[in-house]
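In what follows, a single structure is set out as structure tokens and then discussed.
By written order: A, B and C. Residues from 1 in each chain.
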Amino acid sequence: MKKAKQFLLFLVLSLVVYGVIQYLIQTGMLNPFYSNMIISITINVILAVSLHLVIGITGQFSIGHAGFLAVGAYVSAIVTMQWEMPFFVALIVGGVVATLAGLVVGIPTLRLRGDYLAIATLGFAEIIRITFLNIDYVGGASGMQVSHLTTWTSAFVCLFITVLVISNFTNSRHGRACIAIRENEIAADAMGINTTFYKVAAFALGSFFAGIAGGLYSHNFYIIQPTNFGFLKSFDILIFVVLGGLGSLSGAVISAVLLTVISTFLGEFPETRMIIYSVVLIVVMLYRPQGLMGTREITDLFKRSTAKGGN
Amino acid sequence: MALLEVKNAGITFGGLKAVSGFNMEIREGELVGLIGPNGAGKTTSFNLLTGVYTPSEGDIIFNGKRLNGLAPYQVTRSGISRTFQNIRLFGELTVLDNVKVAYHSLAKNSILSSILRLPRHFSEEKIMEEKSLEFLEIFGLDQYKDELAKNLPYGQQRRLEIARALAAGPKLLLLDEPAAGMNPQETHDLMELIAFIRKQFGLTILLIEHDMQLVMGICERIYVLDHGQLIAEGTPEAIRSNPKVIEAYLGEEVASDHA
Amino acid sequence: MEWLQQLINGISLGSIYALIALGYTMVYGIIKLINFAHGDVFMVGAFVGFYAIKGWGLGFFPALILSMAFCAVFGVLIERIAYKRLRNATRIAALITAIGMSLFIEYGTIYVRGAQPEAYPAGVLPSSSINLFGAHINSQALLILLVSVVLMIILQFIVQRTKMGKAMRAVSHDMEAARLMGINVDQTISFTFAIGSALAGAAGVIFGIYYTKIDPLMGVIPGLKAFVAAVLGGIGSIPGAMVGGIILGVVESIVSAMGFSLWRDAAAFLILILILIFKPSGIFGKNTREKV
């Protein structure tokens, strides 16, 4: 019953947020600068939450998430621009192909641990990027023209589904299996969990949503180029998850929102933005390595206060 | 027929024979001890039995099935579960969730059913929750069910590890120094608990212990390892008076006096 | 004789990778950290060399030594400021700090001097074409190779024959035991960073002379490739880094020579992934396993 109530609250809150922003956009009270920022935030939150599943929940340190973003972006752009199919089909196809890419990358690399896995995923992401760079069909280095199809509604629906799926996955025996792998892989294995299966599953699911985010991303700009998906992009996504707190979904959401706002306002000063990013990253790692929220969720804060009030 | 049969098993790391010619037979319902001085290869033998290492020679047959080359999770699913010498709990999970994880492989619902929150998901989760709570009660840990495992006191962590291993539904339970670091009272309680769960669940138990007193008191049969080789096997009385065993242990004491 | 020429080019490029890879491998060997900022030390070295040659009119060797000295100090500073506190942190925290440090150096440099590239002046080293078995070989390439080899020999001497080298090996083998044996671990780690960074600085100057163009983000790709070289050779192994660097350089030259120059970087990463999957210990590395 408690869980049903929580879900209802989540649903109502989401609808309110959606409605208010939709109203503000339609009435023109939000100028294009802000409405664009909000769509960027939405895309970044999807990316953060999808990587959170891989790093925060399963503990697999992948730093090549931009590769799957790129797959989703390019594939969905091909579907709308070359095959002239509807946008939502493009999003799904982008997500599915990104999942396949996730399987191709994940199956061989996820047996690696820690920094070796990190470097391997980084390498794969670069290979993906270089591959797009060399395919003339998608414009090579000069990039590909994409129509602007991403709207607040489409972005919001994708975000809603992402958060719902990933939090449902996390709060189930499957999610617990993933957390067990993060906490102690040897013990998880000894408890009968097929660790390879769950690592790959989490990775594939994360890649799927990164692919969806890619579709939204490419149709939010007028052009996509391989340079958009270099490892700086991967690091951007990584920073959301790390700053938010490894293992905290709400932490990833909060930091993705905050950092996107900051970087939008610093858009004209990219160096300053990167310097701030890097200093924050170093300082947080040195003084609060568990990140903003640690493994806690924002709902835990409420739980704790109501429990105290009850006593 | 023996429940577990180890035939001439051994493993070599980079030319070094960590364990070799290891033979063991455990019948259903037995409580068997595996002892030996430090570095004798006890934990390595456990790792061989549980699939952490693949034996480079010999065979491990459990319940009529050959286990060589199976991954640890497959070994667990065939009915052997274990605890670890250096406690390996899932620290950031609650006590209850630690036990639920062990139930994982006994549940059947798919990932999709969990994502879509189908009825199957709820029914399986409910069973897992109920059964896990039962185990926590047996181990007197139900009061801590919402604590994070890492916040439990040491003795309780050891108990939780056993509860978790038991929840995986084993026929054979391997305990790696279950009483390490416990005080005499805790050790005593633990031994009673082990005797209780053995009876309650019809378990077969193999345990590694350092404390000779304890092993002699509880085990029906004892295997003694030294330098990766089995040097003796028999009842506690026989082991106590076995000259090879005495030498292995005295040798260690003499050596540690010099260190 | 095109092939011989490509081979020499590959070896020259490879020797630059090798010089950078040595720093990665030594640091990883001693504190198990992938020092992402190492490629940026290489970049800083290239700029120091550039300003020394262009601004102060120094010759190649004085500029090389100045750059090495500067980078040694810089490397130690990085270690003292950021990494020292991370000795007991998780590997992930350390890796992220290193990434942060790398971004900081890159964009700090851009902030200070702008993002525009610079060109090393020509004629710092005599450049003539030597005819070897019908292949035209640039004398610069040979000189670069010579300098790299000499530096590696000096390094090998330091690590194998000096007291500090012994301390380095001891600390990388077992930090706690080394500390108990009275080795000043902090000092040894700093020394390792100093040597590794000096080599990266030298690589920066050599790169500048050979490829002329330098810019604040130039360290990223060679840095990653050098890491690939270190893994290929077996991370933690000094001869491994040298061999890995040369192999990588040669493979890249071959890929370019076959007309796939756009795929060059992909080839390096592909090698990395294959090595990680099939022989993660690399050519000279030792196998390690987690204790259960």
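The rule is short, and it goes like this: contacts are C-beta pairs under 8 Å (C-beta built on N, C-alpha and C of every residue); 3 or more make two chains touch, one makes a residue touch a chain.
Being a predicted model, the structure only gives us computed values, none of them experimental.
The central chain here, found by comparing per-chain C-alpha centres with the mean of all protein C-alpha atoms, is A. Centroid distances built from C-alpha atoms place B farthest away from chain C.
Rounded to whole angstrom units, the spacing between the C-alpha centres of chain A and chain B is 40.
Chain centres here are Cα means. That of chain B falls 47 Å from that of chain C.
Computed from the mean C-alpha positions, the centre of chain A lies at a distance of 33 Å from the centre of chain C.
Across the assembly, chain B contributes 52, 84 as residues in contact with two or more other chains. In chain C, the positions touching at least two other chains are 292.
In chain A, 186 are the positions where the chain touches two or more neighbouring chains simultaneously.
Across the complex, chain B meets chain A through its residues 50, 52, 71-73, 76-77, 81-82, 84, 88-93, 97, 100-105, 107, 109, 111, 114-117, 121, 124-125, 128, 164-165, 168. Considering their complex, residues 61, 63, 108-109, 111-112, 114-116, 118-120, 122-124, 126-127, 130-131, 133-134, 186, 231, 235, 238, 242, 246, 271-272, 274-275, 277-279, 281-282, 285-286, 289 of chain A touch chain C. Residues 165, 168-169, 172-177, 179-180, 182-184, 186-195, 201, 247, 295 of chain A touch chain B in their complex. Looking at the complex, you find that chain C touches chain A at residues 34, 82, 85-86, 89-97, 99-104, 106-108, 110-111, 115, 220, 224, 227-228, 231, 262-263, 265-266, 269-270, 272-273, 276-277, 280, 290, 292.
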